[in-house]
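These are the structures in question, set out in turn.
You will see two complexes here that share subunit A, one where it goes with subunit B and one where it goes with subunit C.
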Partner chain A sequence: MIRQAGLPIVPWRILTASGRIDALTGAETERACHEALRQDPRVALDLREVTYLSSAGLRVLLATLKLAASRNGAFALIAPKEGVREILDMSGFSRIIPIVDDVANLE
Partner chain B sequence: MAGVDIFVSFLHSMAHSMAVVIMAAYFVTRAAWFGDVLDGRASGKTRAKIMVICGLLGMLGSMAGIHLHGATASTQFLGPMLAGLLAGPLAGLGAGLISGCHRLLIGPAFTIVPTLAAGVLVGVVGGTYQQVVTRRTGQMIGATGATLLAILAEICNTTLVLVFSHSLAKTWALQKSIIMPVFVANVAGTVIFFHFIQSLVNERRIRQQRDQFLAQNHKIEGELSAARDIQMGMVPDMAGGAIDWPGGRLFAILHTAREVGGDFYDFFLDREGKLVFTVGDVSDKGVPAALFMAMTRTLMRGLSEPGQLPHELLARVNQELAESNRTSMFVTLFCGKLDLATGELGFSNAGHNPPLLVRRNGTVDWLRLPPGLVLGAFASSTFLMDKIILGPGDSIVAYTDGVTEAMDPEGGMYSPERLLDTIRARPGASPRELVERLDASVNAFAAGAAQSDDITLLAVQYLGGRAPAWGAVPADGAGEAFVPSGA
Partner chain C sequence: MKQVKKLNTRKSGPKASRQFGLELPAEVEALPVLAAFAQTVAREAGFPERSRNHIQLALEEITMNILRHGSGQGSFVKIRATLGDGDLRLEVLDTGRPFGFEQAMELYNGIASPDQEIGGIGLYLVKNLMDEVHYQPGTPEGNRMTLIKNKEGM
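Take a look at the complex of A and B:
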């Protein structure tokens, strides 16, 4: 990747989620992500400690992706566990939200 | 009597009086008519009752008190004070007069006027508070205000007794020694009584709130029940068993986790005679999911056209859903279009769980799905389709993740593997038998744990040519395996 000299590199704001993201915990996750997007245009959600993602959780991710897009920002996911990755693949979300293995790989 | 003896017998008498006050407080505050008293809406009859009861209370207080040549230590003024505070100045006045009756009997004469005057004064003052404050605002006097009133009565009485006394010094000496205990007893009595009143007021308020809440709840339950009926009307009724067409048979089950939910299945023959069948699962649960389900199901039916390929239908439905979607809800969906004459099955996928393909020779495998995003996310999403040929006796089993993610009491999941194994155990079964067996299997696995998500199961079997050469298959498919000739 070539960076133009003189342009500032926009940093990513990293949020870490843990446990289940479902109907009970989704609202909190959504609030945190949207709050972060209000301050930083690029937000990444670290899913290393997330054990389960329900359809309510997927809805939160979709809403966050749309919000990021509307602000010309970006939203990405970091290192989902195997089960969570399967859910993201099956629903097709892994092809609309960038997923990286590590923070370092965020562009 | 020595000073200590006076004090001890005074304590004794006070304890008596307090016991009476407490008992009276308990019964009065729990009387049926007391509610009206608290609201300031007591009838004349009720107010008369209160006047008499409180008058008697005052009289009892006087009788239990200690009287030493005009110096009185008793709770005689509690009665008229309460009468006034609860039922107005007239009741207070009446109770003041009644409670002074004992004084009339025992004398000394110079204390009669002070006693009656103090009793009437405290009754009227209390009654004025009741008229001015309680009747307007419904606010009963607090313990502090009541205590001040009690003290006022005692001050008034003591002052008037001293005024009317013939031997001021002697009377004052006696009064001085009992001032403290009298105040203490009257304050205690007042505080206790008003504590009862306060807890009663709270109790009433809580009961009112609870009744309101229950009524609201009941109404919501009624609406949910009506909504459920509407939603179940959108899902084809399977009460009569499997549906048969020439060349095909289908059975399905849907168990919502709540009154209304986001799962659905649907099927119909389009104008070309092809069987279009769908299984879908809306994100989230409850009323929002049900509304989105209704939209999706209706769009699928409304936008379906003969000759249209499954992925084209999904694209059109997706566009409509995405455009009227402010909350980022979505639906996963599997849609198949089966040609009942040839066994050709075209299918498309929107983020849904892969169905199972059950071949007549017993092989059971996951149907490989073309990738596709959930419906409703982005209006411009495109979808793909794939095609397979079903042979006579082959089946497709579709489901929602309420099946594979059903949990047992320990939190273990049913899992796709168990679904596969359960079908593999006896693959050659009719749609109804397959679905019912899977349903029972999930039920047994859950072992009583609460159903947390909607459960949908659908099985469709291609039967082959219109006039089967290999013997009739029973219409309800109950338990009969499909056996082609020569097998």
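Take a look at the complex of A and C:
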């Protein structure tokens, strides 16, 4: 394992979502994210294939961010499409959830 | 999911506005039908993809809000879309409990915080996605939410 300043670099667990994250599908996304966080402290959700994000989806992201914080972990989003990014920006969520354009940029 | 009850169109003249209607169960499973309706009327109105997606999201947020806070199981939501020369007007009618529109619209101000419960995000999005949002509780047709998207500047 690579170590830096005496601390282990904890790898990210990457989950991939696709299609819509809304009131219909949000529960499934939330279950998957929370299950991953129970196993790994750092979870990133790849949004490359997500075409639609509603307020129900935003609540899923917020709940996951809170769970990650409560476990001293981290939660991030990867490469949202323009329309999804617009909703993240409009809602103010892009200011509290880290967003990277590529897996390689997860810190 | 119950069957969608009706989908009708009315066109009363070459220059008159066109109207489309949809009546669907106030159930989350109706979302795909609602999405298709929103995309169809927005396309008919001549909106580009980005605006069509805004209209779809706004309509879904309003309908989900009715589902969560107003209409109970077994009730229906009526949607009327009027395509005018310069705008698209969507009226969402329900017969459930009216809600405190003004307060709900102020619940969220766009500043997200991981430390607190956030309510009103859906209505906040609607306010930003559409040009006008009006609510009239208790009309003869039920509670009426009106969403307007202008073609100008789209």
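Please note the rule applied: the second predicted complex is superposed on the first by the 102 of 107 C-alpha atoms of A that agree within 3 Å, B and C clash if a C-alpha of one lies under 4 Å from a C-alpha of the other, contacts with A are read in each partner's own complex, and residues count from 1 in each chain.
Note that in this section a residue touches a chain if its C-beta (ideal position, glycine included) is under 8 Å from a C-beta of that chain, and two chains touch if they have at least 3 such contacts.
These numbers were taken from a predicted model, which means no experiment stands behind them.
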item: Touching partner for A:G92 - first (subunit B), second (subunit C), both, neither; value: both
item: Contacts of A:R48 with subunit B and subunit C, given as first, second, both or neither; value: neither
item: Partner chain(s) touched by A:K66 [first = subunit B, second = subunit C, both, neither]; value: both
item: Broader residue contact with subunit A after superposition on the shared chain, subunit B or subunit C; value: C
item: Touched partner set for A:L24, first subunit B, second subunit C, both or neither; value: second
item: Shared contact residues on subunit A - subunit B and subunit C; value: 23, 55-56, 58-59, 62, 66, 90-93, 95-96
item: Of all residues in subunit C, those that touch subunit A in their complex; value: 28-29, 31-32, 50, 53, 57, 60-61, 64, 110-114, 118, 121-122, 124-125, 128-129
item: Complex interface listing, subunit A residues touching subunit C; value: 22-24, 52, 54-56, 58-59, 62, 65-66, 69, 83, 87, 90-93, 95-96
item: Residues of subunit A defined as touching subunit B within the complex; value: 23, 55-56, 58-59, 62-63, 66, 90-93, 95-96
item: Partner subunit A, residues of subunit B touching it in the complex; value: 281-285, 327-330, 332, 350-354, 371-374, 377-378, 401
